[in-house]
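Multiple structures follow.
Note that chain A is present in both complexes that follow, paired respectively with chain B and with chain C.
On to the complex of A and B.
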């Protein structure tokens, strides 16, 4: 265990450092996300008003605010850039350096991202949760914060990250075939945004679609942890949803390995 | 002017040649933007399956505003996409030198150099929505409303372009301004919905400071209500012209502050 840590901690440090160096880009990302949340906030407020206020499909306006900001933050927290990174490394050939090192390829990518995720936890998640709880206290007059739900949320978010990482790994291998990684990135973000419920809560979707989406891996990526935090699930349902997350994490692990072993044989580095 | 058009034609032809070479890339880009749009529209469909109207507008009217707002966005995306590269890396790497040593206007050269066909995704969806929503949106269709709205579209496009020129020009001082372009550009989200849903400070902000409200809501207001062309169409033309002049001033000041990279 100690040996493993010694081997992978430098990747984590590199992740933290790159976030610090590119902090302006990171801030742009965060502010962009917040602007989006505010647009959605006003849109939902108008929707609630048109609906005569009160409860809309089981969500109050306060719920909606918590959902919007927390699902956006969770999406950023579990965000994985490994598809881009792998794509670039395949293209410029530097992936060969990574393959030569005596480290596990997946783990080395993962630890790099773990560093940035930890930073985001401190500078993003904690302030957002604090802000939301103050807002909820201000609106409802009581403290609604539930430490157990928060811990379950964190656990579920870790699983969400593993799923997101594996899905991204699979996307990254598309770089073997297509060069327009930037277009693929837009495609991936909008598809995942919709299917994961970060754009519109899955609970609002038409019945058939909702049931489908709840069992797809995308719901496990932000919807499940956020709903757990909000206390929308009972004890059994929490266990059930987390079980689904674990199953997807294992399945996607297998799938990404399978594609990897297939792709690595084809890997052909030009000039590098 | 004729020379400029000739140069522009030559550069676009070069771009189209490159496109034919990398067809899969082009398809990926266009399909990606198309799906990105479809997701945005799916969102409105789901909301309206629950409520009859939003801020006094019916479903077809909201789709009309949304659709019209995508057209200036798409046109700007089609024509001036290279400005992003100025902000992200051209200035930082010192590659801006090449625009300065050629006998054409640098800004014109930068813009003419790239013809971004990915924008077809936005344009197809925008026009598609207009055609789909128009029959049921209670439009006031007269010669004047249609003509003035068509005239206003290039001006609304100019709002996007001016904001991109301004923010990318900041790179001349800061070396890299990609994240600022991203941040300001991202506010076009506000343009998709009626400005009346926002609170007062936000409304002021998207109308007068980062005036994206004019690229969607105000642009469609005249044809939707048939009244007040001065406020809506006049506003688009006035604001975009002012913004464009300011952006050119900033750009020119930026070029004189430009220092090439060491290499």
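On to the complex of A and C.
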């Protein structure tokens, strides 16, 4: 384990260093996400007000605020850019340099991203959670924060990241076949945005669709941890949801390995 | 050490007809074509040898190097390096090799150069003492100190290439693959790099495979050359032999006085060459004389030309690799007919 860390931590450090160099880009990303949250907040407030306030489909306006901000933050936190990175490396052929290193390809990508994820944890998640709890205290007059739920949320978010990473990895390997991912990348992002409940909470969907979506890996990517944080699940259901996440993580791990072994034979390096 | 047996690599390529109409056609009904980048390539390299792997652009050199380094999987054929098949256990195999692709970099683009080396140290599990010794050695021949603290993206091409060469040698690889390591570099940097290759080869018996278009790289470094063209072997042997057999063509360029001229007639009188052994082209007062140096020695040609005309300037051109290959091919075709 120690040996593994020693070997892959450099990838993480390199990721963080690049992030610091392009910090303006990173800040833009974070601030853009927050602005989006506020836009969604006003939109949903209008929905709630036209509905006469109070509870809407099991969500109070306070719940909705927590959901919006936390779901968006989680989506950003577990965001994996690995498909783009693979796509780019295939397009310009630099994937050959990665293959020359005596490291596990998946892990080298993953650690490269973990640095970014840690940064987001510090500069995004912690402030957002603080802000939300202050807001909840202000509205309800009591401290609603539940440390156990927060820890479960973190655990579930780690699983969510693994799932998101594997989905993107599988997707990235498609680049071995199609050479350029840009177009279908956009398709992928909007499909995931909808299916993972980050646009509209899955709880608001019609019954049949909702049950389907809850079992798909996309719900595991941000909906599950957020619902856990909000205490919408009982003890039994928390375990059940986390079990689903673990199953998806394992299945997608296997799938990504399978695609990789097929794809690596197809690899052709473009341009010299 | 290195065995390559009948390596073959095919790619599928979508062929697009020209223009917008062609683009639409390719979008909906792509026409695929199989491109053979390497058709049938075999050679073997004993331990400690520096092999020059040469051929014209598009001959398949890089493809072969990529198969040998485990990046590409051959369509058919097999390669074994150190008894290992690169594609079978890539992760362990690449620990023993180093590679430089002249057109790409393995350095971390945004990190200071020094950091890259520390990262590589961890990845290749080099211990502290060897790392220090190695860095001192590389610093000495490649002169890295001046830019070792700068981020890689700010390095000049020559600096970057030196840094890349150093990175490939850091973990004392048993085999070094260098794909055009001197491309686009000035004489001083080229010399640095050649020194590094020579010393590492001498001191550690590192086997080196080198592709290049620069004939002096080959002259200075290579014990043997393997030449390929259109994905097939065309020559395997020493450079000297190749020169003897195929590279007899020399080119002298004479710049003459405005009033004087060089013509075939003049040479016919004195040297009496065969029709094929002498070609003269002229552009204003520059006369290019190409001749077979086996039939007419260079010294004789030079003194004769000086005796028949007033010469202001002379330059001598060696037969370059492209020329040698052209000759090889011409002979091959002649034999087939």
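Criterion: the second predicted complex is superposed on the first by the 266 of 272 C-alpha atoms of A that agree within 3 Å, B and C clash if a C-alpha of one lies under 4 Å from a C-alpha of the other, contacts with A are read in each partner's own complex, and residues count from 1 in each chain.
By our rule, a residue touches a chain if its C-beta (ideal position, glycine included) is under 8 Å from a C-beta of that chain, and two chains touch if they have at least 3 such contacts.
It should be emphasised that the depicted structure is a prediction, and the values quoted were computed from it without experimental measurement.
Judged by the touch definition given at the top, the superposed model places A:193 against chain B, while chain C stays out of reach.
Of the two partner chains placed around the shared chain by superposition, neither chain B nor chain C is touched by A:231.
Judged by the number of chain A residues each one touches, B leads among chain B and chain C. By the touch criterion stated above, A:94 is placed in contact with chain C alone, chain B being left untouched.
After overlaying the two complexes on the shared chain, residue contacts for A:17 are found with chain C alone; chain B is out of touch.
By the touch criterion stated above, A:35 is placed in contact with chain B alone, chain C being left untouched. Touch criterion met: A:6 reaches chain C, while chain B stays clear of it. In the overlay built on the shared chain, the residue A:183 is in contact with chain B alone; chain C does not reach it.
When the two complexes are overlaid on their common chain A, residue A:206 makes contact with chain B while staying clear of chain C. Shared contact residues of chain A with chain B and chain C: none. Residues 11, 62, 66, 69-73, 90-92, 94-95, 97, 99, 101, 103-106, 108-111, 115, 118-119, 122-125, 151 of chain C are the ones touching chain A in the complex. Residues 22, 24-26, 28-29, 31-33, 35-36, 39, 42-43, 46-47, 49-55, 118, 178-180, 182-183, 186-187, 189-190, 193, 197-199, 202 of chain B are the ones that touch chain A when the two sit in their complex. Residues 6-7, 9-11, 13-14, 17-18, 21-22, 93-94, 96-97, 99-104, 264-265, 267-269, 271-272 of chain A are the ones that touch chain C when the two sit in their complex.
Looking at the complex, you find that chain A touches chain B at residues 24-25, 27-29, 31-32, 35-36, 38-39, 42-43, 45-47, 49-51, 56-57, 178-180, 182-184, 186-187, 189-191, 193-194, 199-200, 204-206.
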